[in-house]
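Input: structures, listed below.
The following pair of complexes shares a single chain, chain A, combined with chain B in the former and chain C in the latter.
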Partner chain A sequence: MKGKKRLKMAHKNAIAGYLYIAPFIIGFLFFFLLPVIESFRYSLSSMKMGAGRYELTYIGWENFRKVLLIDTKFNPGLLSSLGTMAIQVPVIVIFSFFVANILNQRFRGRALARMVFFLPVIITSGVILKMENADVLLQSSYQYVSGNAGNEMSDFQRLFDIGSFLQKYLGAGGVVSALISMATDHIYDIAISAGVQILIFLAGLQSIAPSVYEAARIEGASGWEVFWKITLPMVSPLILVNALYSVIDSFTNASNEMMVMINDTMFGQVQFGAGSAMAWIYFLVIAILLAAAGGLLSRFVFYET
Partner chain B sequence: MRKFFMPRKRKRRRTLNRSLQGDAAMMIFLFLMGLVMMFPIIIAVSNAFKPLSELFIFPPRFIVRHPTLENFKDVFRLMADSWVPFLRYIFNTVFTTLAGVSGHVIIASLAAYAFAKHRMPFGNALFGLVVTALMFSGYVTQIPNYLMMKNLGWLDSYFALIVPALASPLGLFLMKQFMEQLPDSILESARMDGASEWYIFWKMVMPNVKPAWLTLIIFAFQDLWNATGSTYIYSEELKTLPYALSQISAGSISRAGVSAAVSVLMMLVPLAVFIFSQSNIIETMSTSGIKE
Partner chain C sequence: MKKQNFFRKHPPLTLMWKLVRAVIIFGLCFVILYPLIRKISAAVMDEQDLFDSTVVYVAKHFTLDNFRTAWNAMSFPETFRNTLGISFLCAGLQLCACTLTAYGFARFRFPLRRFWFAMVMLTMIVPPTTIMLPQFIRFRYFDVFGIIEALWGNPLNTINTPIPFILLSLTANGYKNGLYIYMLRQFFRGFPRELEEAAYVDGAGRIRTFLSIILPGSVSMMVTVFLFAFVWQWTDTFFTGLYMNDSRLLSNMLGMLSYNVAAEYGSTAGAMSFVSSGYLSMVNNAGILLVIAPLLILYLVLQKQFTESIARSGLVS
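Right, the complex of A and B next:
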């Protein structure tokens, strides 16, 4: 009797659960899963565009073979973008956690400081970056005219190159300026891609109940202990979120080497089959890496319940 | 009474609070980083107020000398010239953004609640599938996505902009991580007291993860506000504000000033949303906090 009733509860629970996820899953199915499956079909075919339609011919694993064994640019490109990620992601996660912790402290001008750290997210998103285009043209033409070969400002990423700015306007020279420009260059790269992560960590820090800290304080815990024993475990689920987000952000960023290659193959050379095959290999490599990283990280994740 | 509490307060200072040096180091770090972060904004704002004569000056000047509103006037003049009344573009973007953001937050939260707090067969497998899909490169699904829209008959309609935004996996992942931290015991006791699932979701779960969804609003807003939708939308009267503004500022170097003014205008609204959402997070969390 008791067992039967429990089963019913569990049933009810599961049905309610399915109902809750239904809207999401339906949308997900149509706009993520089906297109992804469709692209797998492309990767096994050669695609010919005709007037208003396209033709698929099944060619097996030919596209994959070409990309992996014949294309000279794919493998080195894949390795180099993996290398970049391996360095960038941990640094971004640690940096954003550090900044979020500072921004969560009480001090004057905190709201302003938070805003300042979120600004890069607003600027780098889509359209605004495109609109800065005209400025990039200006900047690069200045560089060209002044014959300053050392600083390549032609690139989007270098648009806000602090190093050369300091060099130019403050007249710092030699080793000092080289150091400054190197440090600021990388700090900027990291900081500009850490805005979302900072915000996620902040939300996590803010949902820790003040009473926990209160209790620790009364028990005489030092700030150091509080950080390692309360703050870190409480936000550890978000370290996982942020690591995942950073990987995805760096991998699917339009300026990523591999994304440029895939885009070029698909829309530049109009080889949808080869492009899809590239994307699938790329995707599988990320998936395996992430599964490994996720497995490793989730050992350290602390859930309260 | 006050005197009685004083010694305790002093003790608290000594044990948990930061030292003066620490404070100073923190402020210096924040100031330096802030400077780095502000740099592009200062350039953009300053460029927007530069008259033509200063925009092309060599060597380029960092801060505007003779600020002018000419660039903004140009933007509005170009707006007035547009073929479709400009308000229409604004309406399109505001409408799709509002519908997309609110829909996404609700749908993602509902799904996240189920994934976090309901035991269902294949629940974890489904969730794994969703998270994996996050990693797939957007270029490859462009063509299949287009065909999907075409088959659904949603090309050239608001649906093409709103619906894909509803099921974005990142929001689900974020919300699930937050909801998982809610203790089962509160939900349990609410159920014992006869609260319906619906009531529990709206009155217990959502208020407790307010920082999470306020943050999610910022992200979702950011995406939709900047959506040009140029792949799916052809009718001029359905096009979005970013699209219209990028048309206005396109035109090489001669529109550089207009372009700068447009970027400043486009930044204002996300900034306002950010400030609104952040100030709300701080207010709510100082008073509540069920997590223990």
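Right, the complex of A and C next:
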């Protein structure tokens, strides 16, 4: 009797659950899954826009072959955007974790500092970012703060030229010095793309029960030990989340080199088949990379039971 | 907190850390704010200030002409109204759809739940470029199982209408909606179950419980999601360029601003006239400020809920 009732309850729950996520399922099927399948079909076809509608002719893997073996821009572009991503993501994750830790401490003006750190999420997105990248006056001002101008260095830059400082005293090369000099050279880019990550870390830090810290203090743990033995393991699931989010954000950003190239191939050169093939290769590379990163990082993640 | 406890035993270190922290915070805030300050300073300059080497930040010939030019070239009042309408509608619909979906994932056990959540993540991973062409064609020749074609003879062209945005928002498939679903789901998971159970015991149904317990308890998180959705719709160029390319929306008009100003200048001052890139850049800066001013105001208004949502979201569950 009791078992039957529970079964009925579970049944009801299942129906209610599906009702709640119904909007997503409908949208997923019609505006996501179908387009994905169609896009795959386009990538295997040569496509022409006719008078009324488009015409598809099946040509097999020809588009993929063209993109991978003949196109001179695709492979270098893909590699360079992978390279940028590989350096940027760790820096963004470390930076956002560091900033979240600072913003989680108590100090005067904390509310103001938090507001400023989340400001880029609000005002530096989409068209604004695009305009900033194209603007003459602003470009020179970024070079002033970020130092990717190259030749002439301002005093301001020389003050922060940590890259060559490290090279001088630690010797050239090395992953750490590469990451740090990348961080200082592109501090503005990193600060503006770390907003959501800081938000997620900050929320995670605030959800750690104060009693855990208290217990550690009573046991005599130092701040250093508390950080490595409590804070870091407790937020480690979020390191995974943020790493994956940063990878996705860097790849699907409208200003990403590959996104621009695919967009241009499809609409600029009107090569729908080749563009779709590019998009598919790009997606598969992202998927493999995410799976690898997820698999690697999840070994270090600690889950509270 | 833990740092405080640690340093309470070591006062000199506390002082040093406070100093270092202040420098770091101030420095990073400067880096973030500098471009904004630069934009404001450039936007109020007269053209001759650009070529005056004694002028760096503060204009000698203060003027609001750049704002006037940008205002007119973007047809600001009309464009602003259109953008406000679209952004408000999209953000509102996305918020509703994502909240429902996220609540379903957080509170109900149903078969294939993990599969469907993986699908939510998948919508984030697939780059928009992969599905943009089929989506464009779908909305260009829009039809529901051939009904529209049967009634009117040909499918509906929904490009340059808000319909694509409305449909995508309504079904939680808009820009970054996977992220919103994730954030809201984590929030709901951390929401105390006892409150809902108490409501059930008192005889409230599922819908009643959702409306009177869950929604009021999650205002701060919903404000954050709304803010994100609003802002990203406001400045979006990718989907706006795809679905509403010819419409007077701020992101379109801002992208076209310098082109329009140069064309206007050429037609009034004669074909031989020359517009300096510095001048266009000043107008662009004024235009950018006009576009982000409403966002700044919105951010300041919603700021309290926004920071509260961070404090209460409990993303680790």
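Things worth noting here:
In this text, the second predicted complex is superposed on the first by the 218 of 305 C-alpha atoms of A that agree within 3 Å, B and C clash if a C-alpha of one lies under 4 Å from a C-alpha of the other, contacts with A are read in each partner's own complex, and residues count from 1 in each chain.
Simple rule for what comes next: contacts are C-beta pairs under 8 Å (C-beta built on N, C-alpha and C of every residue); 3 or more make two chains touch, one makes a residue touch a chain.
Predicted, not measured: the structure shown is a model, and the values here were computed from it.
When the shared chain is aligned, chain C comes close enough to touch A:231, but chain B does not.
In the superposition on chain A, A:290 contacts both chain B and chain C.
With both structures placed on the common chain, the touch criterion links A:203 to chain B and to chain C.
Of the two partner chains placed by superposition, only chain B is touched by A:220; chain C is not.
Of the two partner chains placed by superposition, chain B and chain C are both touched by A:28. When the two structures are aligned on the shared chain, A:86 is found in touch with neither chain B nor chain C. When the shared chain is aligned, chain B and chain C each come close enough to touch A:102.
Using the contact criterion defined above for the overlaid structures, shared-chain residue A:240 touches chain B, although it does not reach chain C. Of the two partner chains, neither chain B nor chain C is touched by A:270. Within chain A, the residues touching chain B in one complex and chain C in the other are 10, 13-14, 16-21, 23-28, 30-32, 34-36, 38-39, 42, 99, 102, 105, 107, 111, 113-123, 125-128, 130-132, 135, 137-138, 142, 145, 187-188, 191, 196, 199-200, 202-204, 206-208, 210, 213, 217, 222-223, 226, 234, 237-238, 245, 248, 251-252, 259, 262-263, 266, 272, 275-276, 279-280, 282-283, 286-287, 290, 304. Of all residues in chain B, only 12, 15-18, 23, 26-27, 29-30, 33-34, 36-41, 43-44, 47, 55-56, 58-60, 62, 107-108, 110-111, 113-115, 118-121, 123, 126, 129-141, 143-145, 147-148, 152, 163-164, 166-167, 169-170, 172-174, 177-178, 180-185, 197, 201, 208-209, 211-212, 214-215, 218-219, 222-223, 226-228, 242, 245-246, 249, 252-253, 255-256, 259-260, 262-263, 266-267, 270-271, 274-275, 278-279, 281-282, 285-286, 289-292 touch chain A in the complex they form.
Within the complex formed with chain B, the residues of chain A that make contact are 10, 13-14, 16-21, 23-28, 30-36, 38-39, 42, 99, 102, 105, 107, 111, 113-123, 125-128, 130-135, 137-139, 142, 145-146, 159-160, 162, 165, 168-169, 184, 187-188, 191, 196, 199-200, 202-204, 206-213, 217, 220-223, 226, 234, 237-238, 240-241, 244-245, 247-248, 251-252, 259, 262-263, 266-267, 272, 275-276, 279-280, 282-283, 286-287, 290, 303-305. Partner chain A is touched in their complex by these residues of chain C: 1-7, 18, 21-22, 24-25, 28-29, 31-36, 38-39, 42, 50, 97, 100-101, 103-105, 107-111, 113, 116, 119-120, 123-135, 137-138, 141, 167-168, 170-173, 179, 181, 190, 206, 227-228, 231-232, 234-238, 250-251, 254-255, 277-278, 281-282, 284-285, 287-288, 291-292, 295-296, 299, 303, 306-307, 309-311, 313-317. Taken together, the chain A residues at the contact with chain C in this complex read 10, 13-21, 23-28, 30-32, 34-36, 38-39, 42, 53-54, 99, 102, 105-107, 109, 111, 113-123, 125-128, 130-132, 135-138, 141-142, 145, 187-188, 191-192, 196, 199-200, 202-204, 206-208, 210, 213, 216-217, 222-224, 226-227, 230-231, 234-235, 237-238, 245, 248, 251-252, 254, 259, 262-263, 266, 272, 275-276, 279-280, 282-283, 286-287, 290, 304.
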